[in-house]
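Chain naming follows the written order as A, B, C, D, E and F, and within any one chain the residues start at number 1.
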Amino acid sequence: MNAAIDLVLIALLVAGSIFILVGALGLVKLSDVFRRLHAPTKSSTLGVGCVLLASVGYHLLQGEGLQLRELLITVFLFITAPISAHLIGKAALALLPGHQPAPPPGDD
Amino acid sequence: MELALATAIGVLTAVAVYLMLRARSFDVILGLTFLSYATNLLIFAGGRPVVGKAPIIADGVPADLAHYTDPLPQALVLTAIVISFAMTAVSIVLAMRSRADNGGDHVDAHDAAPEEARSNPGGGGR
Amino acid sequence: MPQTLDLLLALPFLLAAVVAAAHRLPRTVIAWIAALAPLLGLALLGAMTPAILDGQVLHSRHLWLPRIGLEFTLRLDGFAWMFAMLVLAIGALVIMYARYYLSRNDSLPRLLAFLLLFMGAMLGVVISGNLLLLSVFWELTSLTSFLLIGFWSHRQDAREGARMALVITGGGGLALLGGVLLIGRIVGSYDLDAVLAAGDALRASPLYPWALYLVLGGIFTKSAQFPLHFWLPQAMAAPTPVSAYLHSATMVKAGVFLLARLHPALAGTDLFFYTVCTIGALTLLVGAWNAIFEHDLKGLLAYSTISHLGLITMLFGLGTPMAVVAGVFHILNHAIFKCSLFMAAGIIDHETGTRDIRKLGGLRRLMPFTSALAIIASLSMAGIPLLNGFLSKEMFFAAAIETDAPLPMRIFTGITALLAGVLGVAYSLRFVYESFFGDGPRGLDTLPHEPPRWMKIPVEVLVVLCVAVGIVPALTVAPVLHAGAGAILGSAMPEYDLAVWHGLNWPLAMSIAGILGGVLLYFGLARLLNLHAVVTRAIGRDLFTYNLELLFVAGSRITRALANGSLQRTLLWLVLSALVVMALPLLLDPGTALAWNGGWRTPMQWPGWVLWLLMLVPALTALRLYRHRLLAVACVSGTGLAVSLSFVFLSAPDLALTQLMVDMVTLVLLLLAMNYLPERSPRETGLPRRLRDGAIALVAGSVVGALAWAMMLRPHDTIAVEMLQRSLPQAWGHNVVNVILVDFRGFDTFGEITVFAIAGLVVHALLRRARMAPERHFDGPPVDLSMPANLMQVLAPMVAATSIYLYLRGHNAPGGGFIAGLVLAVPLLIQYVLQGARSVESRLGFDFIRTIGIGVVLALASGAASMLLGAPFLTSGHLQLQLPLIGELELPSAMAFDTGVYLVVFGAAMLMLSMMGTIKGSRTRKTQRGVVDSSGRSAFTGEEPV
Amino acid sequence: MNHLPILPVLIPMAGAAVSLMVERRRFGAGVRRLVAWLSMAALAAVVAMLVADAARGQVGTYLLGDWPARLGIALVADRLSVWMVAVTTLLAAASLLYACSGWDRRAPHFHALFQFQLMGLNGAFLTGDLFNLFVFFEVMLIASYGLLLSGGRGLGMRNGFHYVVFNVTASSLFLIALGLIYGLLGTLNMAELAVRISQLPAANVALVKAAIGLLLVVFCAKAALLPLYLWLPDTYARAPAAVAALFAVMTKVGLYAVLRVSTLLLGAGAGALAGYGQSWLLVLGAATLIVAALGVLGSARLPVMIGYLVVWSAATLFVAFALGEPGTVGAGLYYLAHSCFTTAALFLIAGLIRRRHGSADQDDSLAAALPGRTWPGVLFLIAGVAVAGLPPLTGFLGKAALLAATPPSQVGLVWSTVLVSSLMVIIGVSRAGVRLFWQAPARLEEAGPVRTAPARPVATIAATVLLGYVVAMSVFAQPLLVYTDATARQLQDTAGYVDHLRGLAPARRQP
Amino acid sequence: MNTTALLDMTVTGALGVACLALLLCLWRLVFGPTVSDRILALDTLSVTAIAVLMLWGMQLDSTVYFEAALVIAMLGFGSTVVLSKFVLRRDIVE
Amino acid sequence: MRRWLPSPSLSVALLVFWLLLNHSASPGQVLLGAALALAIPLLARRMDHEHCPTGSLRGVPRLAVVFAWDIIKSNLIVAAQVLGPESRIRPGFVWVPLDIGNLRGITVLASMISLTPGTLSVVLTDDRRHLLVHALHLDDADALVRQIKTRYETPLMEVFP
């Protein structure tokens, strides 16, 4: 049983690490602000979410009881990540007027 | 670990001192911020760097320095952080008022300093 | 008798107060009140006269400051008695004179009050029985004379004269103080009796030269001795009564008084002899010579006074008993004739409106009586027989040639004496001849006539004295002189004969030669050069004025050069001083200070190095980019995050939380401020300056780093172990850091929240009414952030709950009131940013200042609660409740304190943010530098290009 | 339980808190003043009791939180602390009186800040813990920022920025020193520190020297010793009169700290650290005397000149304390009180002049006759006499006591600098007095219309009260010096202090 | 191979990856090039830091880092909001 | 009811949040949590600048599953795009016309778009009729708009009428 949980945790951790790494790599690698914005804001968030899940399991495994409260961090992250991305995007758009798309099509 | 902490303190101090000796109020305030980081780390270092032994007494663990880090410097740093924040707040507001009242943010002379041509280090915006 | 002495001294001061208070009374009444002081004083003195003439010394002792030997001891011996008579008698005459002298426009009460104060000070000098007390009164005479000389303060010469007198005599007073203190060290007491008895010990002491010169410094300045004599002519800007009193009879005599007073203690060495004789002789000659060429009546008298003071000084320098007697005698004589001359000069000035000899002449026809008085007094000044001046001058001649000094010195003193005779006659002749004889007066507005009756009486009294003493000395002055000189000389009192005629001897020959020579000199000079055209220049005074001015300029230059008001310099000195004191001990002993104490190194796991990079790289980037403020601020945030992580890494979760919160709020404050500050810092300083600062920064970093490193390598022996042990059982908290904050060192936290509260108040005070124009302004309406704001509505309640959670758990887990307060402030702050300040505040309706006040009161009350139970402030208690349903509830009393902390922190943080977020725009300008060109901003810095 | 030692901290704090609660418009200025004076009266009563205790030689101690001194924070009301608190209270009463002539209504939060300032000062004087001293320094400083800047504008803001930044930097250095001291000695309680310093291993001596040297630099910066005095004259000159008067005691806090640290930690029993830095302090103090006197000579504005007088008197105190003899320290403590009262009185007089005159400049072209000048003139004369050290007032007595007690080996340096600088000060002060009170209007038209405000009797009374202290101190010099001498002896008895504090048992807790 | 040991190794590995991610973010913070990039880098730094804290807690078998992580999660975005708002309007509280 | 319990869902969420946070369901904590769950919304209501009604929550579970699946799926896609050569990416903006009028609904929609890798909502027009979305790889703009509207907007309109 424990081994199974171990394996699940390992999987979560690996996935989390990959997402975190992808986010960071994207941040460095991609060539344009808007492209870079995609990678970390979600990949990292998901990656951290995975790690947090793993952490809950890990501490449960260590006999410290079910510490569900760490999931709250995930909740916070999922609420705040869009705000951050939204505002950074707005700021980038304000600084890079060249990227400004055409105004929205009229109604109807 | 001691060396890492000491070098960090040293570098932060150096950055702080250089910025504090600048002529614009904002730069000085930045310098003070760095100085406060450096001093906090230094006080903290007074308790010696210890990893993973937060001074939160757990049941059944003997309460000594072998199992917990020294809590006192932490309390001192907490006080220091708060106080230096208060001071920073006051200096920030003063910098604003000084700029508004005297027409410049030079710490010493408020005659409009010539806006010399600036080069953008690291290239312009893309 | 002691009470009499006290009363004698107190009278002038008391009456000065009365005069000042009664300034609305008629002038004559005021003058009479003032005159009460000297008259009553004289009566008191008279009562003591028999005892004095009997050779007794009267004492009155009071304690003042025995700790330093300063006792209020008054001592009246013959010499003091003689001097006190002089001070009081002439004082009475001067008051009478002043009543009529002073014009309606001048305040008589003020002058008389000052005069009385001076009289008291002078009396104090004279009858002090303690040298420290004497120097107290000594400086008081300087001070009161300053007020008197500057009486006509609207006149520049009066102001300058007063200041010059104060500077020189006051400075001399400081020297005297030094000398007196030295004497006290040598003798072990400042008591005059003891000091006078310890002459031998004094003279034998290695400190004697210092003591002597310091005391002489005081004496010579006060008595206007060369080369600091020039203040006296300058002081002639004083009203004439003042000059008559201070500059003939009293203040300038204080110097020679002290010389005589300390004669038994200090005199009798070659050093004394040569110094005092030489200075006296030089003063005598310089004063007399200058007097001849002075055109101002009072100036002439002033130089003459200098000359006579030199003469007296020289007499005391000669030091033989006869010379001392002559000195004392001449003090008296000079006071009498010079005072009358000053008064006469004042009458002339009063009646003619001028004191310029060149405009005067022929006054004997216009004011014959006054002229006669003045002429008699002048003759006394010249040393003409049958007048008092003759007697003492002849004694002077005798003393000058009868010293037992080596021959060259005897020749020098002899010639000086002869020249004194010649020059004295010459200037006296000039005074008499050019004022009262010949043609004139010229170009006066009014025709002069005799002054009011009462104005002449004082002069008459003095002139009568001149004549009486001159003719029948033995019947008049002899007992006084005997008492005075006897008090100084004691058993060494010589046999002398006060008579007009001593037969044909050297002194007589010198007198005759002096008179003839003086007449020849005056008429010769008058023939050879046009005396009226001679322009005298007081080199000493010019030099002094120049040097004083130089001192002011130097003071101002040096001060401005040092303290130019530059913050950069101030900080530089602070940093350098700190560096020196930190580096010196290390450099002096590098071996032990920085010893590699191997056993205490802890290896670091690699995540630590990542944090290390994370901390330092942004810091260095901030250093590189600091001129682009927004970028620098972002870098500071990076460093702050890394520092917080390091705290977590190094077992300090509470610290990390606090640092995170504080950094967040600081960031907001910085950004709020940046709206009102330029977006970047210009590069202003040149390369050398930057290199210098860089070098200092490097050294500072190295020194602080080295100290930190060395410190960490030492063994750690701390009292904190006991805190760890006692935290849970006695303070009921698992989180020892929090227990320290609210319990062990709760008083620190107490101060800390006070600081925080005050910071909020200061920000409020600074911004409450301030109106500011932002640096640049964006056109158009605020950006619509309703989506993020809507999300915050979901988030904010959770954050608020988290705040409560952190607050409640603080005692046992990371958290506590401080962190919780900031956590509560942050969602509000973000709402400010997302919704706008007005929108938030209109709905919040919170009085943050009250919150602070309540928080402080709560913290106070929680701390003071224990006082009611007889325990000290901030003693924590612990309540363990068994509640139905809820179960066991632990309530440490520190919670209440933490609640105060919570409220103060929340209130102050919100006060700051709300003040900074709601600054009113400037009335006069919308922005400092115009509207932001949104399309032209640099994406690199977010700034507008210049 | 004797709570006296803590009340000088708690009373002003409560006063400040209440003052904040009654700041609303509906309460009016009268209520705020009432609160301020009630607090002041309570403080005065407490201080009187403390003085009575201290004069009997009783050392009042207070263990906060009932923890033994080594664990918690202890307050120590020995003779020195009580003397400082008493001086502060007397000074504060006069400053408050002056402020009540109108400034307190113009400066937001004046009364709260004033009380907080008193709390900081008293706390700094009473605490027996080095870090707690830092905390109270900060309370005092931040309150002083508020007092200095509240209601101000213009160049005052720039000056305030200088003051704040300088002090923040100094505070950071203070923290560095504290960090090092704790890291090396493992405690912050001053008595424990004294013990540990006396047993310091040789390997740590250099490091502790660096730390304590830094501590002294910080204190010297607050006390305005060369070359760290540059901030003071401008700052004090720009402060409102009532505030500047209260600030007269601020430099003394630094001096107090120097004295405390050098007697307790660097005293005779400190082994390798005995007397560390004292000769430097002496030489720098002597140099400051001259430089400050030059400043007095060279300043064209009365408030700046008074600022330099503050520096000058602080330098005198440095000399007195660095000499370290009981006699000089006793004389210095007497002089300290004198210096507070006289410089404060001068600041108030400068304020009176500014009110009547529109400016306190001594510049020739600006000096104008003072209408109704008698009383300010008389006050200035008395204060000038006192401050310049002319007899018969306190300045003379204190200086004479200092010079008399100077040890023979230092007589040359000390006497010459003290006497020469005194002469320079006499020259400078007399020039200022002459220009301000005697000078006829020179070029009044050029100076522009003179802005005058009616004199308020309360303001004049405040200055008179301060000079009344000076006169009383002159008359009762002997008992006061007896007290300060006993203080100096008590300070030298480090072992007594240490044993007393270490032996103190908590009321209820185990020791 | 023991899965527990493997799990511990994975934790260490994940910690390494997270630290690497921190360094990559740092690179972006230092070199920009635009202001938005730096803000983004800061945001990512704080998110990644949460992972580092949790992994660190796993490695040390300690949960005391929870509060720090919670606060970073709540506030990391706060910095992003104010910095972005400053870029957008200069006046962050309008 | 509205007056004392302005937002029952928020209160419930808070209570759960509190119990999770304290890692305890003891009676004391429940009581305290309940108190907070009542008090905080009352305070928070004062800060609301726009009231957003909540409708039927029936569609939420399905939406959550769809959303979770989308997140994982697109995360993998984005990972591939990031790790692969950048030349394959063709980013672009697209305006999504909105039918949902409830601000909370728009907000949640925008957040879901942002949380799904590869898309990012940047601007909401002032009239709240259009949402500007940036896509990391934009093959077919209309397909993206359609997907957003059907998968997210339609169910959200039930939750936030």
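Everything below uses one rule, namely that a contact is a pair of C-beta atoms (placed from the backbone, for glycine too) under 8 Å apart; a residue touches a chain by one contact, two chains touch by 3 or more.
Bear in mind that the values here come from a model prediction, so they are computed numbers and not experimental data.
Asker: What's the minimum number of touch steps needed to get from chain A to chain D?
Answerer: Minimum step count, chain A to chain D: 2.
Asker: What's the chain with its C-alpha centre farthest out from chain A?
Answerer: It is C whose centre lies farthest from that of chain A.
Asker: Using the mean of all protein Cα atoms as the middle point, what chain has its own Cα mean nearest that point?
Answerer: Of all chains shown, the one whose C-alpha centre lies nearest the global C-alpha mean is D.
Asker: Please work out which of B-C and C-E is bridged by more C-beta pairs in contact, and write that pair.
Answerer: Answer by contact count: B-C.
Asker: Tell me which chain's centre, taken as the mean of its C-alpha atoms, is farthest from chain E.
Answerer: Between chain E and every other chain, the largest centroid distance is to C.
Asker: Find the geometric centre of each of chain C and chain F from their Cα atoms only, then give the gap between the two centres in Å, rounded to an integer.
Answerer: Each chain's C-alpha centroid was found; their separation is 74 Å.
Asker: What is the distance in Å between the mean C-alpha positions of chain A and chain B?
Answerer: Whole-Å distance between the two chain centres: 30.
Asker: List the centre-to-centre spacing of chain D and chain E in whole Å, with centres computed as mean CA coordinates.
Answerer: The computed centroid separation for chain D versus chain E comes out at 49 Å.
Asker: Between chain A and chain F, what's the gap in Å when you average each chain's C-alpha atoms?
Answerer: 15
Asker: Can you tell me which residues of chain E touch two or more of the remaining chains?
Answerer: Within chain E, residues 22, 32-36, 39, 41, 64, 70, 74, 81, 83, 85, 87-88 contact more than one other chain.
Asker: Using the touch rule from the top of the page, what residues of chain F touch 2 or more other chains?
Answerer: 17, 21-22, 110-111
Asker: Please output the residue numbers of chain C that touch at least 2 other chains, ranges allowed.
Answerer: Answer for chain C, listing residues that touch two or more other chains: 565, 567, 571, 575, 633, 649, 653, 672, 674, 704, 708, 711-712, 716, 718-720, 723, 744-745, 748, 752, 755, 758-759, 762, 766, 783, 785, 787-788, 791, 794-795, 798, 802, 813-814, 916, 937, 939-942.
Asker: Which positions of chain C touch chain A when the two form their complex?
Answerer: 783, 785, 787-788, 791-792, 794-795, 798, 934-935, 937, 939, 942
Asker: Flag every residue of chain E that touches chain B in the complex, lowest number first.
Answerer: These residues of chain E touch chain B: 31-34, 60, 62, 64.
Asker: Help me check something: in the complex, which residues belonging to chain F touch chain C?
Answerer: Residues 10, 13-14, 17-18, 21-22, 26-28, 31, 36, 40-41, 43-44, 46-50, 52, 103-104, 106-107, 110-111, 124, 126.
Asker: Within the complex, which stretch of chain F touches chain A?
Answerer: Per the touch definition, chain F meets chain A at residues 17, 20-23, 71-72, 75, 78-79, 82-83, 86, 89, 91, 93, 95, 97, 110-111, 114-118, 120-123, 125, 129-130, 132, 134, 136.
Asker: In the complex, go through chain A and note every residue touching chain E.
Answerer: Against chain E, the touching part of chain A is residues 2-3, 6-7, 9-10, 13-14, 16-18, 20-21, 23-25, 27-28, 33, 36-37, 40-41, 44-45, 47-48, 51-52, 54-55, 58-59, 62, 64, 67, 69-70, 72-73, 76-77, 80-81, 83-84, 87-88, 90-92, 94-96.
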